[in-house]
Amino acid sequence: MKIYADNAATTKMSRHAIDAMIPYMEEIYGNPSSLYEIGQEAKEALESARERVARVLNCEPREIYFTSGGSEADNQAIISAARLGARKGKKHIISTAFEHHAVLHTLNKLKEEGFEIELLDVHSTGLIDPKQVEDAIREDTALVTIMYANNEIGTVEPIREIGKICRDKGVIFHTDAVQAMGHVSVDVARDNIDMLSLSAHKFHGPKGVGVLFAKKNIMLTNIIEGGAQERGKRAGTENVPGIMGMVAALEDATKDIDGYAKKLIPLRDKLIEGLDKIPYSELNGDREHRLPGTVNFCFEGIEGESLLLLLDDKGISASSGSACTSGSLDPSHVLLAIGRPHEVAHGSLRLSLSEDITEEEIDYLITSVNEVVTYLRNMSPFWRDLVNGVRPHVFKE
Amino acid sequence: MKIYADNAATTKMSRHAIDAMIPYMEEIYGNPSSLYEIGQEAKEALESARERVARVLNCEPREIYFTSGGSEADNQAIISAARLGARKGKKHIISTAFEHHAVLHTLNKLKEEGFEIELLDVHSTGLIDPKQVEDAIREDTALVTIMYANNEIGTVEPIREIGKICRDKGVIFHTDAVQAMGHVSVDVARDNIDMLSLSAHKFHGPKGVGVLFAKKNIMLTNIIEGGAQERGKRAGTENVPGIMGMVAALEDATKDIDGYAKKLIPLRDKLIEGLDKIPYSELNGDREHRLPGTVNFCFEGIEGESLLLLLDDKGISASSGSACTSGSLDPSHVLLAIGRPHEVAHGSLRLSLSEDITEEEIDYLITSVNEVVTYLRNMSPFWRDLVNGVRPHVFKE
Amino acid sequence: MALYSDKVMDHFRNPRNVGVLEDANGIGEVGNPVCGDIMKMYLKINDDEIIEDVKFETFGCGSAIASSSMATELIKGKSVEEALSLTNKAVAEALDGLPAHKMHCSVLAEEAIKSAIDDYNKRKNGEK
Amino acid sequence: MALYSDKVMDHFRNPRNVGVLEDANGIGEVGNPVCGDIMKMYLKINDDEIIEDVKFETFGCGSAIASSSMATELIKGKSVEEALSLTNKAVAEALDGLPAHKMHCSVLAEEAIKSAIDDYNKRKNGEK
């Protein structure tokens, strides 16, 4: 059996998205800035794509800027809000401890420039309480940036309520919706969002293309200077094929969010229940407020990379917050942020499902993880110490 | 007849480049940062692409960074050199007056930060004399950035000699080779280049992907912060399909540069001779030191946009430096930089050929331009004033 | 959503009333080559102050040529008073709209007519 | 160019000498769970100072498990002296190389062996 269960890392492009790109690669290749026919055709496509994205997000077309992905959108949103704030002497930014690195590293850069960065606690649930935001906002707050859904543990934040608080207090609110889009309903008007980031390859669109939504009253700062593309706010010849593929995927991914949830949530819950039966394991992040397809567990006594490699041998593609897989020395900052100790965080597993997963595959996932965890524990001196009581367990059985 | 003569704006993707992308869109869609098979396959592809680009440029694979295009590469190169310079108190940057806006606008930003930007005169030929660079370099020069070939008039600069001077004086040398790659031979070792920018869609590759070459001793500054992709210097999930398409196109475009020149130069020269016969017209930029496929003329008494629209009606896609087509109030900064007065710059036409142009098509281009120029002059009060001697001509007949 | 409306392209491709009017009694020229557009209007106004004939010459972009052409159509056969009340908006509307950054072309057309009528008035009053 | 060589994957998938040696006379453990790897080596050394048997237990990534497995193979049947001269580089080379950021796994294997022999020496000298 082959199961791709790493849809939070990237997704398989849909046939529809690929087909939407091809004509712009083969025939309508003109530069949208050109006057002649195939340039103007490309320009029309580009502007209709902008309208279609705006319709999905519920905003105006001119509030949509196409970028090279989620990271660029995050960087530009945060830098822009910081520059706007600094002009009014506002240098306080509120975020959370478990944002994506595209957000956290940009905030670090601003910190070096003299901004004060306040990272809210996300609790053991991986959830922010809107009250925390309310309490943290000050006169000199330039920006609140809080992700819509977390990429590792899949928790979904109370964005609408946070947005309301920011709107009432007149503070710019940005949300990284890279993991949320296509999985839960996102509406920038309803949710009081001022800026929002998307990345196409997370919802069956192409890699290397994304969206920054910014309300029309927000003056963006360029990250990339040059030509006057994207209303002068993002230079570079437009990636028209990529944008067309993204829009096709975006419409497909959002056209039946309720049906998607209805189908996927029972399967996800079955997976959670199955993995929960493995002794000394625990779900990461709140049980309820989570993406329909994302499940993240910690297993005591094993290390994530070996787990992934053995699952790969069984045809299962998954990911882990283990330091070995992150390329850094520490395990996932997300798992540490929800209070997992290092030794447990190393033994984490994220399974992120796609809509076409079957019940049979869920069973296979549960059985396989169980087998591999047992196998690895049997050769783990750490596990031996745990069961022998030499070291204390972190989780209940 | 249909002739796409705007290859300097963007090119038609080659079948080979499209075919090189498809497997990475359809099947090998894994995230290169993942451990499992389709992630590792994507990673292998990515690293072999890096090796292939390095082979073409004659550098090491680790000196290749993939970006979202030429603009991003230009921005990052210049910002990086500026930051390195500033740390040593060097805040003088040398460039030219006719660089692409991705360079000029980035330099403007640095100017606001306190850098001193010296733009060298490009003369009526559109050529820099290496001696100018030698004379301009100072103790506190952080960077010399001079384009390999100009995108509007097609002149090719003496990059090798300029590189030599910079190398001897220990100054970082960046060149925007977006227009040169695939048209003239580029070799970063031979040419003494420290940093170089490319954009795939200019050589029959995909839009939205490019390359920054930076010598291994040059520490890059991130433009986009986040994940540890591209040795930590360019965050964002890698656009593997785009990169694979780019590499295929790059290899094709560079495998027979001599044959390309041999085929195209006579046709280009025929076009120049044909257009030169139109009275009161003049070639922009040096006759000899130019790209094999780029021709740019000014015609007195007419305006570029109308020229383009009527050529489009005749099936010819071309571009102009007219203010009306640039979206700004002034005509092309490039034409102004080579000393064309505004009224003449408005009447410019760039024809940039692809390799598959035929002699018959060249004839059609000459005849069509002749017809349209004559037609427009006949309704131009400005032209009437010129021929009646009310206003002075700029060019000889 | 193409650059120009079909109307604009029609008037650009097939401009009406192009050329010089040898017996014009009102000639106006506006714009300047440095900015990339010049419009010249030739009017033949009869004793009843009716614009009997009109021609134009234009150096400029597609919308400049189309605006000139449309403007001549709109004033041909009209009284001087009516011609004076022609606004640039009316020209743009008659063309089914112009892109925002091209509206100045319709302004030029309005100004060219005013300038030609001004010239006519000056000649009539013997100022010329 | 995959993450690991075939050798590493073989030793990871089919680790040699996994488990506990009940009659070990030298046991070493290195690493720590906070860093994500622990290696435990069990040696049975006979009177001629030959390593008659060896087993390991490892908590860690693929290359940690493969390094342990390879290290046990390399020292099994060897003298204590030979085992002491085993370097981490030799372990990595025997595995057809390790990625740069995984070299520390081979270091761990070297250290685990040294630690187990140290334990054996201490027991022999009655220190334990």
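We call the chains A, B, C and D, going by the order they appear; numbering starts again at 1 in every chain.
Simple rule for what comes next: contacts are C-beta pairs under 8 Å (C-beta built on N, C-alpha and C of every residue); 3 or more make two chains touch, one makes a residue touch a chain.
Source: prediction; values computed, not measured.
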How big is the gap, in whole Å, between where the Cα atoms of chain A centre and where those of chain D centre?
40
Rounded to the nearest Å, the gap separating the Cα centres of chain A and chain B is 35
Centre-of-Cα separation between chain D and chain B, whole angstrom:
57
What are the residues of chain C that contact at least two other chains?
none
Each of the following residues of chain B touches two or more other chains, namely 35, 305, 309, 327
Chain contact topology under the given definition, line, ring, star, complete or other?
other
Write out all the pairs of touching chains, ordered by chain label.
A-B, A-C, A-D, B-C, B-D
For the complex, which residues does chain B have touching chain D?
35, 40, 43-44, 47-48
As the complex stands, chain D meets chain A at residues 9, 12-13, 15, 18-20, 29, 33-40, 57-62, 64-65, 101-102
What part of chain D is in contact with chain B in the complex they form?
1-3
Chain A contacts chain D in the complex at 301-306, 309-310, 313, 322-324, 327, 329, 331, 341-343, 346, 379-384, 391
Using the touch definition up top, name the residues of chain A that touch chain B in the complex.
4, 6, 9-13, 18, 21-22, 25-26, 29-31, 33-39, 68-72, 74-75, 100-103, 105-106, 108-109, 199, 201, 206-209, 222-228, 235-242, 305, 308-309, 311-312, 316-319, 325, 327-328
